[in-house]
Amino acid sequence: MNLYEYMGKEIFRKYGIPVPEGYVVEKSADVREYKKPVVVKSQILLGGRGKSGGIKFAKSQADLNAAAKELLGAKIRGLTVTKVLVEDMVNIKKEYYVSFALNRSERSPMLIASASGGVEIESVPHSEIFTRKIDPLLGYSDFIGREASKFMKFDKNQSAQFRDILGKLYKVFSEEDCELVEINPLMETAEGQFIAADAKVVMDTDSFFRHKDINITDPEKTPLELEAQSKGYAFVELDGNIGVIANGAGLTMATLDALTLHKGKPRNFLDLGGTDNVEIVAQAFDLVLKANPKAILVNIFGGVTKGDTVANGIVEAKKRFDIKKPIVVRLSGVHEVEGRKILKDAGIESFPTMMEAIKMVVKVAGEAQ
Amino acid sequence: MTVLVNKNTKVIVQGITGHQGSFHAGEMLKFGTRIVAGTSPGKGGTKFQDKVPVVDSVSEAMAFEPEATMISVAAPFVKDAAFEAIDSGIKLVYILTEKVPFHDSMEIVHEAKQRGITVMGPNGPGITVPGECKIGIMPNQIFRQGDVAVASRSGTLTYEIVDHITRSGLGESAVIGLGGDPVVGLTYIDVLKLFEADERTKRIVLVGEIGGNNEELAAKYIKEHVKKKVVAYITGRSAPPGKRMGHAGAIIEKGVGTAESKIKAFEEAGVKVAEFPDDVPGLLK
Amino acid sequence: MNLYEYMGKEIFRKYGIPVPEGYVVEKSADVREYKKPVVVKSQILLGGRGKSGGIKFAKSQADLNAAAKELLGAKIRGLTVTKVLVEDMVNIKKEYYVSFALNRSERSPMLIASASGGVEIESVPHSEIFTRKIDPLLGYSDFIGREASKFMKFDKNQSAQFRDILGKLYKVFSEEDCELVEINPLMETAEGQFIAADAKVVMDTDSFFRHKDINITDPEKTPLELEAQSKGYAFVELDGNIGVIANGAGLTMATLDALTLHKGKPRNFLDLGGTDNVEIVAQAFDLVLKANPKAILVNIFGGVTKGDTVANGIVEAKKRFDIKKPIVVRLSGVHEVEGRKILKDAGIESFPTMMEAIKMVVKVAGEAQ
Amino acid sequence: MTVLVNKNTKVIVQGITGHQGSFHAGEMLKFGTRIVAGTSPGKGGTKFQDKVPVVDSVSEAMAFEPEATMISVAAPFVKDAAFEAIDSGIKLVYILTEKVPFHDSMEIVHEAKQRGITVMGPNGPGITVPGECKIGIMPNQIFRQGDVAVASRSGTLTYEIVDHITRSGLGESAVIGLGGDPVVGLTYIDVLKLFEADERTKRIVLVGEIGGNNEELAAKYIKEHVKKKVVAYITGRSAPPGKRMGHAGAIIEKGVGTAESKIKAFEEAGVKVAEFPDDVPGLLK
């Protein structure tokens, strides 16, 4: 999960990475006395905030008040600004890029650095980017920083500051269970000091059991997605008209693929995961229905999740939520026969294969009002 | 020679008395897996299903000379359990658990690799060699002995495809789930090497998904090293960019790791790519 | 280097290992108001302080004042007490032993635990001691604590407390660069709480460059040994009459062995180490002479330390310190010939072999007054 | 086949421009060691003694395909330098530096071992194979090619004994200093295996000292596995209990690791133990 810039900078500060002096404001009235030029930055999880008007510069108290007032509550590319970070302005000499990220194919951390910072790293030519695999058992060690410094053509003083930051940034990456820690731009001031002008920290949500202090809701999720998350479902909203319930991420994706290739349009999808609980199945319908689809497709390959459990859950949901919309079910695998019988007795159509079910649900969704 | 396990493989289950552990241990016993012991701290001295000895630690379980372990403990305790297995020198470690922090997985996988230990998972369905041994959570009834080896990042989708293969009249020599997490023990390339070396295996199915570049690396490896017939299926074609599809692995990473890129890589390597899961058996024949 | 109990406990506290409430007193006037029964413990680096009268119990203000007054300044087995630790008394239910130590032959840490604590671990039968090698790359992990708990026959609650302490103690061992961290006794109170009643922490002096806060002098060293240490020499005082200067720990030991086997009695020995500096050689004589030996034996096998450098150092020392005592030199190896010539020109006797030199020095030391 | 190194072994020196590094690199060149490059961050592009290329990092030095490295940097930087060598995959790592924290050495040694990398030192004199290669700090002039292999925990005492061997008319097939620290890369047993397998070696000298139980373990190993003649010398007989003798290794640990225990162990294994260093050649003959 992405952390807000100000949260990332709090972590940086804790680890001794230099960041500009600043404070967070939620109400424009809380803006402090103006002392020197500041930058007022919307705390939203979007790249290119500057271009979208989310960053203002203030050279007087009036500027500062106006910037905070203007930004707080504003909508930037669909996201409402609830917090701004007011930070001392620094005199920029040069901007660099540096990050540690997981390289999935190597299953190892990777250091990425470039002397061309302040822009999206994807837009920088490959020849200007230093990348280096970190052996996860050896971890980051100073020699890696020396290699990077040489690539960056740093002098002794620059290299010392840069390597100090690299060592600390790797500590953040590993101790805070991050998928990505990025400083862009890493700023060199006119006075020759390196300072993290921005902070992008992406944490592994699976590690939150040991980071109890991190308590934010994912701003990229819709309210319904957040509700589903709190109930333990993987649930994503889309813009079609067929609600999809399946089990397992791979099968769920394959279901969407097949549906799409058959001209069906998913309204959402919900991954039941592995469950053997009728209530969990029934509750899933509640979520899917809230998005108001025209029909519901259930695609289950029974394993841990057994066919009869799913069938009972569907029957329970139909009754409890008084579902009138067409439900098309595919049931295979463990307890397939029992499940299909339960559904048949309740008047719900079911198929043994995914293709049959998909063709049917596309048909009924097209017919439904 | 079979792939990784056979009917003599002695297996322990770490967390055999837990909800998941006990269910799957039971299914594995039905499949014919030789479970020699289970661990459950504090419950040492009891028996699982009146026959499998339960002990307090892997160290005690080593008396049964296990060659493989299935770890089924809650995510926060997986690293400890895996280190316990590694410290004892068990050569095949399968981690059933999902939601393991990937920094833990990274440590587990690399420490194991240095010691010549194979890790499967976390968050995968395990391995099944029909007629021999199952370690993991795949449904017993979908398999038939045969010559098709299947490797996949996903669980239920694997069953779907195995089921089509079996129903088509073919059978499986080995089915391995790599695991759906960003960091898992086995890569497609590791598994392709095993499949290529396995005498029972004549045909190979790779089930891939969007995200990362492991499928692209596998395609390159197939082109250069694999002589057996390979068929692939890639899921996530319809995934909206930037939306997580449940797996951490299934993120479209700004143009890299798209379904298109993977399909293209496979096709360039001479691998036929199925459009739907039920197309797989037809392409294998 | 051994840390005092109170220093070890400060470290324990920092890592969250429970220790009794207490404070350190250097002057008896600084004793605080008596509130509940306390134990007053001399801060000296000796085992068996209790038996030697170094630990007093106080059940009143008068007791406490008297104990502090009595202990501060007292000599216990040759060591002067300069600090006492005043600690709340705990109600003992049982005493355990636990430590992490380096196992040199395995080159790995080792966990040692026993339900028979409060006595020297060497006196506990092997069958009552749990020992377990820790893979230094995997580190301590909870499963090791579970194995130990089972050996100790702990119930669930005891095991949880014990394992929590073990995890933290291992962190002390590795993060504070320890050779040994020992809790003896680890006390279980009548209320069922585990608490570190003593703390033995032995730190690796070679790691002090990264533990700048540790600043104590080794109480096991004599003033002259401390002076030598501050100058960078390995120097040990003994009780004979021959001063020994050699280069390299192995050769130094072999020199002492050969000297002893030839009935010579070393007054001290100084390991020059590897040096190519005349001044370092000369300064070494200053130290050796301060212990007032009857004769001085110099045994050098030249390598990094070259023969001519040593010879020049000896000549310089003889002149500077006006040494009248016999100096017997053995010089071999690099620049042996040059060195022996320099010595000969200065009237100092030298030999090509260790045995000749040793025999000579034993002879002249016997003759000297 | 020689022990660990031969005249073709390509060696780099990490820290070649330092006071110690440059002196010993010079001596090694005189000995005939094939130094292909040296590292010194910031000094890349220069030459050592007008012939050995100096580069900024081991990564760059890999262009010269080194098989061994000598690390001569200050103690606080040894771990970084050793990890740099390990990360690059150099197969023989010798650490000259003394006063390395043993927790660092422990990590270095074990990480290296997992990767099949041999570590010598820290705080040892290195290895010399007369007529072939020297990596380390032993004085060049004391050697003569021969059939005696010597392993020692100490530096100058090794020279003393090698000098006696050479002066007696014998010569050396290999001399290895394990290092005087509590944690070093090689054990006597590791070295005994190398000596036993080495065709040039006919006789073996082990130089031990008080502290630890490595000599006792070596004695046991000799009894069971070593066919070649072994002579030992143990120093520290006169050491007063509890007094440190300069080496961290040389502490009398409450009755364990005394000179008596070591001498007894060797004698029981049929190893003759010299009373004085100059007795060694006589016992070898």
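A few points about this structure:
Here the chain labels run A, B, C and D in written order, and each chain numbers its own residues starting at 1.
By our rule, a residue touches a chain if its C-beta (ideal position, glycine included) is under 8 Å from a C-beta of that chain, and two chains touch if they have at least 3 such contacts.
Fair warning: this is a prediction, and the values are worked out from it, not measured in the lab.
In terms of the distance between Cα centroids, chain D is separated most widely from A.
The geometric centre of chain A is 54 Å away from that of chain C, both derived from CA atoms.
One simple way to say how far apart two chains are is to compare their mean CA positions; for chain A and chain D this gives 53 Å.
Each chain gets one centre point, the mean of its Cα atoms, and the points for chain A and chain B are 27 Å apart. Each of the following residues of chain B touches two or more other chains: 111, 114.
Among all residues of chain A, those that touch two or more other chains are 135, 137.
Contacts between chains form some other arrangement here, matching none of path, ring, star or all-to-all. Pairs of chains meeting the touch criterion: A-B, A-D, B-C, B-D, C-D.
Interface of chain A with chain D (complex): residues 135, 137-138, 141-143, 146-147, 150, 156.
Contact residues of chain D toward chain C in the complex are 20, 23, 75-76, 99-103, 106-107, 109-111, 114, 125, 137-139, 141-142, 152-160, 163, 180, 182-184, 187, 207, 209-214, 217, 233, 235-240, 243-250, 254, 275-278.
Within the complex formed with chain D, the chain C residues making contact are 102, 104-105, 107-109, 122, 135-137, 174, 177, 179, 204, 206-207, 209-210, 234, 236, 238, 246-254, 256-261, 266, 271, 274, 301-304, 332-334, 353-355. Contact residues on chain D toward chain B in their complex (touch as defined above): 114-115. Against chain C, the residues of chain B that register as touching in their complex are 41-42, 44, 56-59, 77, 79-81, 83-84, 86-87, 111, 114.
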